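Below: one structure in structure tokens.
Labels run A, B, C and D following the written order; every chain starts at residue 1.
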């Protein structure tokens, strides 16, 4: 059944055999998941956000389970860009996986430098810019909270990367007006938008009477936040349809656990979908979601994935005046 | 110092849906026997499994980690775990009945390294932490090792496997905090004498962090090397999330925040930065690679 | 066990026998719940937000279940202030319940008028101002999204209500900086803050390929959002402790299903707690939460509820240097 | 037009944890017998119960509503419901086994009003919508009424209670969309003849909205009054949330958005604003009290 469906999708010039990716920070650089399925079969592997230097991250506990979700405060632990380029990228290439490299920085210069380093590396399919990290120059306020700082990062990255490498801006849902931030990113040259990053949350340890996470607050992810992700995607896609901002593809992320969940994000406007927290429940989740998505489309008679993108925006059938012939029963 | 073999340590983990073959109370715990041949086949003492809680509609997304108490390869292929009902996830597992299904992921982590030549070993378990030690004892005895066992808990009910210990080990020493059975006190109170008596070169320990630290120190003061299995909160169990890190010194003395799920859960006790761990909080030592942290 | 704990709490001069209330819109005006328990035993009944005129609300479906939560788009259906004063308030008085009256308006004038009408009514213990409703004068942007419009509503309401009636500003979590909004409300005269209202969310019907809610977007509530509520309460309480805004009591709301959940909000800084969506699962939830909360406090040896308020802000024990005496085992 | 009694319509609902006494397949459905004496005692045909899905850790917070198929008061006090496995909540219920527990809230809503004097009644059920009609038929027959039954479904498997119907009613007419049994067509195709034959004054119907509308119209054209049980999505079931509203005209002809959980689920068909309901969407008619909506 799944085979009949054309799952291929297009992200700003980048053609992917299917729209399912891992979410940054939930699949490391793909290697560990290769034990469970071939990561080259995914649309892409989005790598953990990498910074310039090696980073040890935050103290532990770094996670807490919440109702249908979890909090994390990893603190972008990672090997730094040199080690990433030396070890992780070549491995991804060696297995034939498409790599979307996520980058993070404490200031615009760090983002620029990271993009510069990646621009001439073979095997970088796209760069995802994690602007949900604290801007050291601005009281640690995250870039993604302000249109201006978001735009500054995106234009710096876009300027130094070769045109063939699309730039995806990854947005935070923790803002009053996500369309405004999306707009700033697109105007600054983003070729696509990834929505959404985690919501800021907190959980208290009732035995120790203190926050469960050593860093107190953390990022909320998992099915609990899916309605927020769907809403953000919907709002930005609708704004694009209305001509309020330039149309660019949206990569949906937030609470996807099944093919049906992925379809929800797609119908709201996502041209590709990432699977994050669900991997912790099931390391095969990304490939399973791909197969289930194909099945869901086939069941609905949708032969091409791209036909489903944004489909829920078609206005619901308007109410027609009373008529006496009832619709056929389907009891 | 005794040489331990590093070969074939990590196993190929599989995801599978296991039937519960048996579930029974053992003291304060519940012992589950799971039909999981794919896991049983490659499991070794010190490996752990991650069990999913509920089905795809469960509000509890994260798997729970359990040391493998014993794996019986073969066609039936069973894996036993010992579960303390400590919260909603373990409670759900405790209520499983024969015939019920549970998603199993394993074997995970690095098992206890075993000596390549006959060696005298002391195994120390706190509470359910003793669960993996009896199987380890058998493996060690098969290799000609002497095995002394020290089992401790807060109270008698929370000891696990004293009888089994008496069958598989050369000696079994029991301590309880409240003196309900065995010697009143902690495992580390009894340990020096056991180490001396057995002239142990190797110590294996599993239990709470404070115990592991104390065991490591007692072992060192007796010239023995301790291999300890730590218990950090784990979201993924397979190395992709970075939640389970611990400050550990490498061969060159450089401290790194390493993933206890794939680089552990068994570590050489003298490599763990115990000074960075206290009261449930794991600090990033100032001299750790990539410290201090900022960002998120 | 529960009896030993002093559950009483103080909200800006209003003394309540216990800190558990219903959340606005989840208990109507209390009458239906009286079938299950005596609503006079609660700290207070917070009534459904009332507007000037009778309102028929939004089309249906008005709800969708989500993972550990739900979406609603009721559209403030209600009888209008006259009928509320004629029927609901007297009923609440007749059973001896403490009424916190929630009001909503499309502009500042409507809020002012509602407060005026309520000011001389007997049995109004406090007024909760639902500023998470669309400001008709400002493209339907909700008041709670902007400090200025939030402040305008709160000061208008505060000005016309007698001083003995505390004004609680109910905040939306859908903002970039909740401390800023909280600050604006407190400066405008809010005697307390209720946090949080629902998060804006959406869910798609995979059979009909359109949003599940007739109004497309709706408010997300339930345990799924508790980490966001805890974080908002924590941030505002911490800002008060740091002297960044005047200290006023916080009423916590969001995802409370059990006494332990309520305690989480309290430890983060809430002086009272509301139970909303959990009522739909269990109509006895508010009174059960009160009893469970008493039990949780007793178990922890906390004899007075007020001693638990904000307790998680006490800094976690700093890491001391290595010492060789291990802590006693508690296996 | 026949007079119907309005006395004692709403019952005092209780919350209780019921044991499942029986669970069995009936065609495409699952019939559950729940031990819920407190609910059974006051239930009448047309009342419904709201069942919780899972325990306090369930990700499915909202209860699911089910018409009471039959209540047997007394010490054992059972309530039967007929469950179509339509989604995750009903699936969970379908898998309950005897001895399992489920939280029940009920009896809820207003039951079918029954005539005060012997009257000819026609009962129309679509799919599992027939579930409450057999008990209603018995109550009506006890009051000396004639009862004709019309049961329809998409296909034979989705009919419920044809045999029971043949026992309790004066006549039972069956239709299926695909003709697998009974007459091929819809219940409304068969209805005119049944109404004529029985000279019915009262019609009771339960099933999908489109059917209820058509039944109401056919009834009206035969001078009968229809009482229909609607099925709106309900979050609370007890009148506090306002999710379950429907546009209904009152005695003065004024349309209001009324709560189907407490003011229904049974309404006079000629009072329901069918023009405001289509394709799963319930509009607020422009002439409804308090329309049009703004705000949220």
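Methods note: a residue touches a chain if its C-beta (ideal position, glycine included) is under 8 Å from a C-beta of that chain, and two chains touch if they have at least 3 such contacts.
Values in this document were obtained by computation on a predicted structure and should not be read as measured data.
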Greatest centre-to-centre gap (Cα means) from chain B is with chain D
Chain C and chain D have mean C-alpha positions lying a whole-number Å distance apart equal to 36
Chain A to chain C, mean C-alpha position gap in Å, rounds to 32
The distance between the C-alpha centres of chain B and chain D, rounded to whole Å, is 56
Multi-partner residues in chain C (2 or more other chains touched) are 67-69, 208, 214, 222-223, 316
Shared-interface residues of chain B (touching two or more other chains) are 59-60, 279, 281, 283
Contact graph of the chains (line, ring, star, complete, other): complete
Listed in rising order, the residues of chain A that touch chain B in the complex are 25-28, 32-33, 35-36, 48, 51, 53-63, 65, 67-70, 72-77, 80, 104, 106, 133-134, 136, 208, 214-215, 218-219, 222-223, 257-258, 277-284
Residue set of chain A touching chain C in the complex reads 66-69, 71, 145, 174-177, 199-204, 206, 208-211, 214, 216-217, 220, 222-228, 230-231, 234, 255, 260, 263-264, 267-268, 296, 300, 311-312, 314, 316
Residue positions on chain C within touch of chain B in the complex are 67-68, 223, 316-317, 319-322, 324, 326-331
Chain D contacts chain C in the complex at 12-13, 15, 52, 56, 59-63, 103, 105, 232-233, 235-246, 256-257, 262, 279-284, 288-296
Within the complex, chain D is touched by chain B residues 57-60, 88, 92
